Amino acid sequence: MATKRNNGPAPSRRDFLKTTAAMMGVGAAAGTFGGISCGPRGSAPIKVGIMHSLSGTMAISETSLRDVELMAIEEINAKGGVLGRQIQPIVEDPASDWPTFAEKSKKLLLRDEVCSVFGCWTSASRKAVLPVFEKNNGLLWYPVQYEGNECSHNVFYTGAAPNQQIGPAVTWLLKNRGKKFYLLGSDYVFPRTANGIIKGQLKAEGGELVGEEYTPLGHMEYSTVVNKIKSAKPEVVFSTINGDSNVAFYKQLRAAGITANDIPVMAVSVAEDEVRGIGGAVAEGHYAAWNYFQSVDTPENKVFVDKFRTKYGKDRVTDDPIEAAYFQVHLWAQAVAKAGSTEVDKIREAALGQEFKAPEGMVRLDPKNLHTWKTVRIGKIRADGQFDVVWATDGPVRPEPWDKIQFPKRDCDWTRGGTVENT
Amino acid sequence: MTSTTFLLGQLFNGLSYCSILLLIALGLAITFGLMGVINMAHGELMMLGSYAAYVLQNYFAKQLAAQYFGWYFVLALPLAFVVSGLAGLLLERSLIRRLYGRPLETLLATWGVSLILQQLMRQIFGANNVDVRSPGWLMGRWHVAAGLELPHLRLFIIAFTSTCLFLMYALLFRTALGLRIRAVTQNRDMSACLGVPTRKVDAYTFALGSGLAGFAGCILSLMGSVGPNSGQNYIVDAFMVVVLGGVGKLAGAIAGSFVIGQTNVLFESFSTATMGKVMVFTLVILFLQWKPSGVFPSKVRSLD
Amino acid sequence: MPATDLLTIDRLNVYYAESHILRDVSLTVPEHKVACLMGRNGAGKTTLLKSVMGLLPARSGQVQFAGENITTRCPDERARRGMGYVPQGREIFPTLTVQENLVLGLLAAKQPKNGIPDEIFHLFPILKTMLKRRGGDLSGGQQQQLALARAMLSHPRLLLLDEPTEGIQPSIIDEIEDVITRIKEQKAVSILLVEQYLEFAWRLADFYYIMEKGSIVAHGTTEELSEEVAHRHLAI
């Protein structure tokens, strides 16, 4: 997801104090500078970085990722840590500011010498830190679905690639809800890239495009858009709207008398957290495509949801990025254990092909492209704000970082040196 | 749907958008337009109004029988006015009155207040958006012709804004308080010399403008998001309307919202939402180059 | 003289920032009398009037009005205790109508219900024809009459007039003089008048005060004011 979600789980009082301390520069960075190296040295703790915005506009979304990553580290430490050593998280707050993300990355990699960083949400922040991780050979674990077309040796992508969310959703709609598509998105890189993929797919799979519209981020007046949709008479609306605008769109669509029975909306940026702000009554019957829903029925998920809500509050919900942030820490720990070392190159080598029974089901790090094999699901919004899973792939789907329509021959394969053109 | 019904629908949407903009700007037309206070926390005063609706809705849902639920919104409006008005009163008494005539300090101080209010709401209600439901009687539509249905919600907003406007005019031009408000905003010292308790009038005026922000927040909770940040979504529009219309005149806010609302919807009809917004901004900038004091400049003959 | 003093200023010191404007000024205005404050430009006359009205704070000294110490009172409190003020620039509310300007005077007297009494239009007939006009559209002389009428409508016990003849054509000066004379004859109001126009002051005032560099340098009854004193302090 390439921009902010203007809502998210409530930070606790402790978060607030921590955030405030960070903003005041009193020192959000836990731990000491220098001293312990990341290399294998007896029983000293293994240092990892956690780098999510805890203040500023993105705090709303990213704070939960910090919470769940700390929870995962606690779990691992409770079982004795990795290689007999405890894991010591170093939490940094880049404050929703992209240059600060780069600065904090440098600090974590060079001064704290952490062997992995769990971090970022927006594509903008990921793009800002990418050169830092590549230059210093660090490892970033990135838990949010994104627009694809990236192939880095220093990032493990644990959220969905476009083919693991958007593609299957389009195919499912064409089969089950109709051929006439109206594409609606916020006006920035992710929706435009996503809609490029969708249009290619519609052409290939026999769909029809009846309208395409982009609204500025934070757009609140959807009467004209709704009127255009009424005029265009689509069978489905595919929405890549992001942030607060979602609330305005669904409410005004409903006020204009269009229900999910008339024209269903399929969204890729509306998860449990967003539905809470829209209201289940308004959003009921519309769809979203993700790899994980809180309602996913696996034993692992039951334990995960209970644990998260016991730790952070009964009113909290889990959703796709939160779940990815959780399991990526476990994947990392397995890799370190297998590598028997905390050296970056060895961790990377060991991580490839790692599997973990995550709340969403089995996930696996692709041995070639550093993305994650994930199950794709389509959920239908219920009145209580949770999702009924109406369709899912049989098992994890192989991630394809490069968009097959724009770049039919391109592949990301680190066994062959990274981005390659197939002939 | 034919293109005629599309156009008729757009005409109505334009009117609806104008009324929303006017509602957003009305409070600011008082506090910024008349009093000259650059209140960056205006959006947060709106947000307080939205949360007032949310709290009352929850109270109704929990404490009262379901058949009364639809009435919550009728009470939410005055509650929002009072909550935001009192917050405005407190803000004026504690902070703004010390900063009259110092726009930069006011801007910074109220910006700080806006951050504090956002964080306060985050502490109380959480960082999530909350869900404010429309009462049943606002969910219907007026069926005008095939393909042309006017949502009750939007009709209600038009009627409500018109009523607010009428009451504002009556208050400002038909009551002693209104006369005093206009006198103080024009010449504070001379008003005082005529026995007008200027500090009280300042406080009442600011509270009135803040209360109107509460109205706007309450109504917009049915149209958009309600969260700690949602006030930020409207602040730019509000200032744009007041500046375009001409600072210091209620008629300016009307003209400003009408021009921005209609042109925005018109442009958006034939291009996209983003292009519509870009064109409106361009138009506003060009217009202000040509007439820097807006549609209705406050022309005051310099007194000799 | 048996008359009690309505306004008593006792060793008043006023500063603008750090510059000392009024130095130990003492002055009294008895009930129903007219005192005229004279002096060259920059002597501190307007400052004194503003201080009496409460627009400028006193650093030391006292202002007593009708037996009450009002030194720290706000202008609006002073106005409600019976001070009417016609400032130098007239300070008409430019976008309010003539009528609204007058009603503000009435509001100060807390009698808005009765409407604007007709007597005021006997004094200022021109205003009656202009009720709907905006204050800012009136000529200088008309604004002066409006300011005077507005102050009168607040039923003051003390009227503070700051150069009512300044920049006004002679015919209107006569009218204004007539009005002030009639106010004086009604023996209900005391007046503190700032005036540079000597003849005018001479005809209207019972007492005179002459200021120079922020201090009162001469005072007495107008009958005692000799050509010689006037010339020494007031000639340019």
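Each chain gets a letter, A, B and C, in the order it is written, and its residues are counted from 1.
Note that contacts are C-beta pairs under 8 Å (C-beta built on N, C-alpha and C of every residue); 3 or more make two chains touch, one makes a residue touch a chain.
Small disclaimer: the values here were computed from a predicted structure and weren't measured.
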Centroid-based (C-alpha) most distant chain relative to chain A: C
Chain nearest the global centroid, as defined over all protein CA atoms shown: B
Mean-CA-position distance for chain C and chain B (Å): 43
Separation of mean Cα positions, chain B and chain A [Å, integer]: 36
Centre-of-Cα separation between chain C and chain A, whole angstrom: 75
Of chain A, residues touching chain B in the complex: 6-11, 13, 16, 57, 59-60, 63, 187, 213-216, 218-221, 223-225, 227-228, 230-231, 233, 244, 246-248, 251-252, 254-257, 273-274, 276-282, 315
In the complex, chain C residues that touch chain B: 53-55, 74-76, 79-80, 83, 85, 87, 89-96, 100, 103-105, 107-108, 112, 136-137, 140, 143, 150, 154, 167
In the complex with chain A, residue positions of chain B that touch it: 1, 3, 6, 9-10, 13, 16-17, 20, 119, 122-123, 125-134, 138-139, 141, 147, 149, 151, 153-154, 220, 222-227, 229-230, 232-234, 264-265, 268-269, 272-274, 276-277
Interfacial residue positions of chain B with respect to chain C in the complex: 176, 179-180, 182-183, 186-187, 189-199, 298, 300-301, 303-304
